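Labels run A, B, C and D following the written order; every chain starts at residue 1.
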Amino acid sequence: MRDLSMVCNPYNEDKVISACSIFGMMDVSGKPFSGEPVFRAMENMHDRGNGLGGGFAVYGIYPEFPDHYALHIMYTSQAARHETEQYLEPRFLVERSEEIPTRKTDGINNEPLVYRYFVLPKIPKQSEVTEEDFMVEQVLRVNAEIDGAFVFSSGKNMGVFKGVGFPEQIARYFRLEEYQGHIWTAHGRFPTNSQAWWGGAHPFCMLDWTVVHNGELSSYGANRAYLETIGYKCTMFTDTEVLTYAIDLILRREKLPPEIFARVISPPLWEEIDRMPEDERKLQTALRSVYGGLLMNGPFSIVVANGSQMIAVTDRIRLRPLTAATKDSTLYFSSEEASIRLVSLELDHVWTPMGGVPVIGKLGALPVPEQSTKRNYTTSTPVEVAR
Amino acid sequence: MSIATSIEIDAAGLYYKELNAQIRDAVSEGALKVVLKNVTGQRYIGTNLYGTVDRDTLRKLEIEIHGTPGNDLGMFLDGPTITVHGNVMDGSGNTMNHGRIVAHGRAGDITGFSARGGEMFIKGNAGYRVGIHMKEYGDMRPVMTIGGATQDFLGEYMAGGVVIILGLTLKPGEAHYCNHVGTGMHGGMIFLRGNIEPHQIGTGVGMPELTDKDAELLTNYIAEYGRLFDTDVSEIKLEDFTKLAPLSVRPYKQVYAY
Amino acid sequence: MWRIRAIPEVCIGCGLCRVWCKVEHSDSKNIHKAFKPNAPETISCVELEESGCESFAMQCRQCDEPLCAYGCITGAMTKDPDTGLVTVDKKKCVGCWTCILMCPNGVIKRDERNGRSAIKCDLCKDRGFPSCVEHCPNDALVIEESPMNPLAAHSAPLSGSSRGDENILFSEEVDDDE
Amino acid sequence: MKIEEHQNNNPSKPAQRKASDFKIRSNRLSEFAVQRDYDRCIKCEVCIKQCSFDVHYRDEEDDLIKHRPENCVGCHRCAVMCPTAAISITPNPAQYRAHGSWSGEHVKDINRQAETGGVVLTGSGNDKAAPVYWDRMLINASQVTNPSIDPLREPMELRTYIGAKPASVKVKDGKLASEMPPQIKIQMPILFSAISYGAISYNVQKAIAEAAEELGTLYNTGEGGLHPDFYKYKDNTIVQVASGRFGVHPDYLNAARMVEIKIGQGAKPGIGGHLAGEKVSESVSITRMIPMGTDAISPAPQHDIYSIEDLRMLIFALKEATNYRVPVSVKIAAVHNAAAIASGIVRAGADVVAIDGFRGGTGAAPKAIRDNVGLPIEFALAAVDQRLRDEGIRNQVTLISGGGIRCAADIVKAIALGADAVYIGTAALIAVGCTLCQKCYSGKCNWGIATQNPYLAKRVNSEIAKNRLVNLVQGWSHEIKEMLGGMGINSIESLKGSRSQLRGVGLTSEELDILGIRPAGM
């Protein structure tokens, strides 16, 4: 059996660097659809990856278990599986456990065992910890403490499927044509490192939130220093990990809206802040001075999702590409417009958002292009109700 | 040789290398017009034609694209005219030497990056860093005409050439939304139609009056834009243009201690 | 119209103004040759006034009412109506020293190197910029436009900090004189 | 002394007088040699006028300028001012016998003490060749995977906010719903550190204040009070509250953007200060609010702070006095347990912690202390930042480090090690003219910096000095921007604590561990 820890960051680098293709597709009416267009779109951006990582996050795939946390876990050995299951047993009510269906696929090698568990947490009576915090803690503990086990998906009614290979190969391997979801995000990876680790592929997941990321965070060290100060443990040596924790902190724990999240990780320049009306200026100055350690500096574009929304944002001087498009009730994000055109030749709107300005699709609401083609910080970003 | 002077290639499912090889073959066999159908993101179209036929023939070559060409469209282009019936992505006209790119849609980031010659016409908006580091040399001077508006860093590092922004996609009275226009500009000029605030323009960029030569150049390119895209340009008045040009060819002299 | 002003608050009394004035008004205009023991006597048109830690350089202030010129018996001492500069025409000067007696500031000297003649600060007009101002290590000498003459208001002001090769005050006048 | 006035209190001993009773008999070689090129000397006497140590004089009989090298302190004022570059000052070629253990400096200091029985006094900062760890750290740059950013054309932000930060920001209806503690906006992470009026001249302090105003940063009054003329720079002023409490009163506290409690100084940790009565001029007396001509003594500790809870009391007394309008900083010298002390200071409610390394400057300090007590700032900073992070309180406080910051690269390294901003003192004085002759305590500074003698103090034209300070900080800011751009980041906050941007060369594994960096090549 393969030892995952042996291939995680073999050169012990500060961070493993990778560049990528990203794609996102959401039907804001909530109607599930097959991932077939997503696979084609990703295949069209084949050259943006190098076969050392691909993955998908799909929302709405487990309607029979809407309230259960679906844990996707990869193991290097049966022993690791036994150890993990013994760990889960007292802490969770495990409704169902099964091996995730896969098929033998050319180009997919050294695959780990992949299992999924539909669970409800058993939180100790006197404990004041919230269910979500309990879940996060358990996930981080399995990943940090059990050798050869890695939880790579932990949300409700959603799943992450990822590994080492081109995205189209990963889709085939995990038989993703058999799933239907209302949000799909996808990633093709181009790490500079020749070794790749299944757990290091994108999307990264923390409960319902997932992120796919193109680019490199030049500020990784500063971001990591900040997050470790408030208790996150960065163990995976990839810059996307700090992004995941930033999402967890700002969106899940602090419950700040996605517009504010974008202004934390990709804030306006001070000269822009100086021109804002007083209330805005005070808010943005506070955000920058308090969360300066979360400013994600360097080139990036990301697509973040949970079950009810899909958000795309780039670094503030947009050093990585991002195209957004809508057609009827469908919202698309892509590293390249051609991939969107490939799956939908006719589009209602196509635009490239301004650096740092988020494009947000929510269930029942599509983004308005004009609001993200400009760096207009004087209004928050409203949404219109979809037809 | 019995090849038709016009040839059509279905690009659907073709990898860029394959597609570009087919175009190259067609041109070296005498095609003067190549029509590409179903283009979906193939890169470097028009890049590898140098040396296929003599220079004058290359300058007569037309490439017509239906679909969405990939990044670096017409990179190092040296003669042909590329017409795109749709949008172009990032880096079109990259380091272009001679020729023409016409896009009946919008353009992505770094359009015209480092171009030294040739002409580009974009019907709609364009993305970030348009015209970045365009330059001119001898009698080679690139001219880029954008029908809509652009995003930040328009004309950054610009060392020569001409960028014309018509602002046709802006609503009446609406200001341009590009910031940091012309930062580091040390050559060339930008003609921008519509309102722009002083804070949007980089330091070291001046606003000289239009000369008669400028007016002539603008009039010609506006007319050509109207003809290419079959657009009524009679509303476009020369007095609505702001000319941006560098105040110094050495904008950063003061920064260094010798 | 330009004149030199001394700023006693920042004058450190080093006397470099005097040194460089002598150099400028020597034949060689070379500091080593000007001060050679057997060199012809050199004359400084600047004097350093000192008392305790108060000090300032004193040279001709190019007075609006030039008593020296009024008293001159041969018309050698004149004030140029355009530049405001008070100058001695050595050919006309007979060395009667009336100007020295008239000068309220005591800044006119006797020059007996080649016949008798008065010598005074000429703002280093051959040089383009006064040497004493340029060499003052603490900006205690400035050359400034006189506010008295409204006609000169359009000329570019010259601050003490902008010394250097670009600062040519009298380039046109020099051309005219030659 | 006249022999007649001498009273013989011991009748058993006959009255006698010898030279060493009334004259210090020096066994010392002079430290410097003065060489005058008589071919170049024009006898203009500028050197004579410029030297406050009476090195140069005119020999009327020989009609030559001569010198007394034994008086020379090596400040190079004469050499710089000489219009013909006729003077050179070099180490005296006549040296004590070379010895691997007893250096000439040891011999000289022993002689000084044998002659006087006193403490060897010195000024400026530690001049010993202890390793400068800044020089053993190298900075990273982007290649391929992330683009370096050109700071001349793209935005590059150095703005920093000084003050405590809350753990999180609350937003309600798109508006800020949490209260921010007082914050000070500075345009670059560089502040002028505490140098008191008294230690330096009025003109120099004025130049520093004006430079801070023009640059959009802060300067620090030190513990010498705030001269009435300088209240107009209040938006750029940090006032210090030190053990002597000179000039500390409500107007003083409320004239500031920040109040700093000075516990210690890097050049002389654990000891107080002593401004000699001769330097307490009328103006200094008004500023310090003490009688003219009396010694101004700063005790070693603050006598209302004997423990950490007392520090808390003073911090909140100052917050109360300033109506919680300004941040309160606590400055400590870098000492062995600086990390634990800094943690306590944060918990005591300080908004800012300033740490001063052992290469920091001083107007006067016993040489034994200047050269042997304290820690290099690099270690102290790394240890403090790490401790505050481990305890989860790093984000609550602004960390300023100083004491030996010499160039822009030092600043970049300091911020990567965890500082929010740096204090510069010696570098600022060098920009104004200081040549590190270390005679600040003598009051005879030939460069007009560390003196109250009006004849010498005039040598600093505050406008020239201000321009030089502004140029220096702007030049450094450009260099910091170039280095940030090279790393692919466009904002200073993305460098903070990013130790992975540094690599060590020639460091032991323990040193690397303390600094929290890897060796070069890994």
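Heads up, the rule we're going with is that a contact is a pair of C-beta atoms (placed from the backbone, for glycine too) under 8 Å apart; a residue touches a chain by one contact, two chains touch by 3 or more.
Computed from a predicted structure; not experimentally measured.
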Looking at chain pairs A-D and B-D, which one is connected by more C-beta pairs in contact? A-D
Averaged-CA centre spacing for the pair chain C and chain A, given as whole angstrom: 78
Chain centre separation in whole Å, for chain D relative to chain A (CA means): 49
Per the C-alpha means, the centres of chain B and chain D lie apart by a whole-Å value of 56
If you average the CA atoms of chain A and of chain B, how many Å lie between those two points? 36
Which residue numbers or ranges of chain B touch two or more of the other chains? 153
What parts of chain D, by residue number, touch at least two of the other chains? 154-155
Two-or-more-chain contact residues of chain A, please, as numbers and ranges. 271, 317
Pairs of chains in contact here are A-B, A-D, B-D, C-D
Note: in the complex, chain A contacts chain D through residues 12, 14-15, 17, 19, 192, 215-216, 218-226, 228-231, 254, 256-257, 260, 269-271, 279, 282-283, 285-293, 295, 297-299, 316-317, 319, 380
In the complex, chain C touches chain D at residues 9-16, 18-20, 31-32, 34-35, 52-53, 135, 137-140, 161
Per the touch rule, the chain D residues reaching chain A in their complex are 142, 144-147, 149, 154-155, 157, 159, 161, 163, 165-169, 171, 174-176, 178, 180, 183, 388-389, 392, 394-395, 416, 418, 487-491, 493-501, 518, 522
Which residues of chain B touch chain A in their complex? 16, 39-41, 43, 67-71, 86-87, 89-90, 106, 108-109, 125, 127-128, 151-153, 177, 179, 199
Help me check something: in the complex, which residues belonging to chain B touch chain D? 153, 156-157, 180, 183-184, 202, 251-252, 255, 257
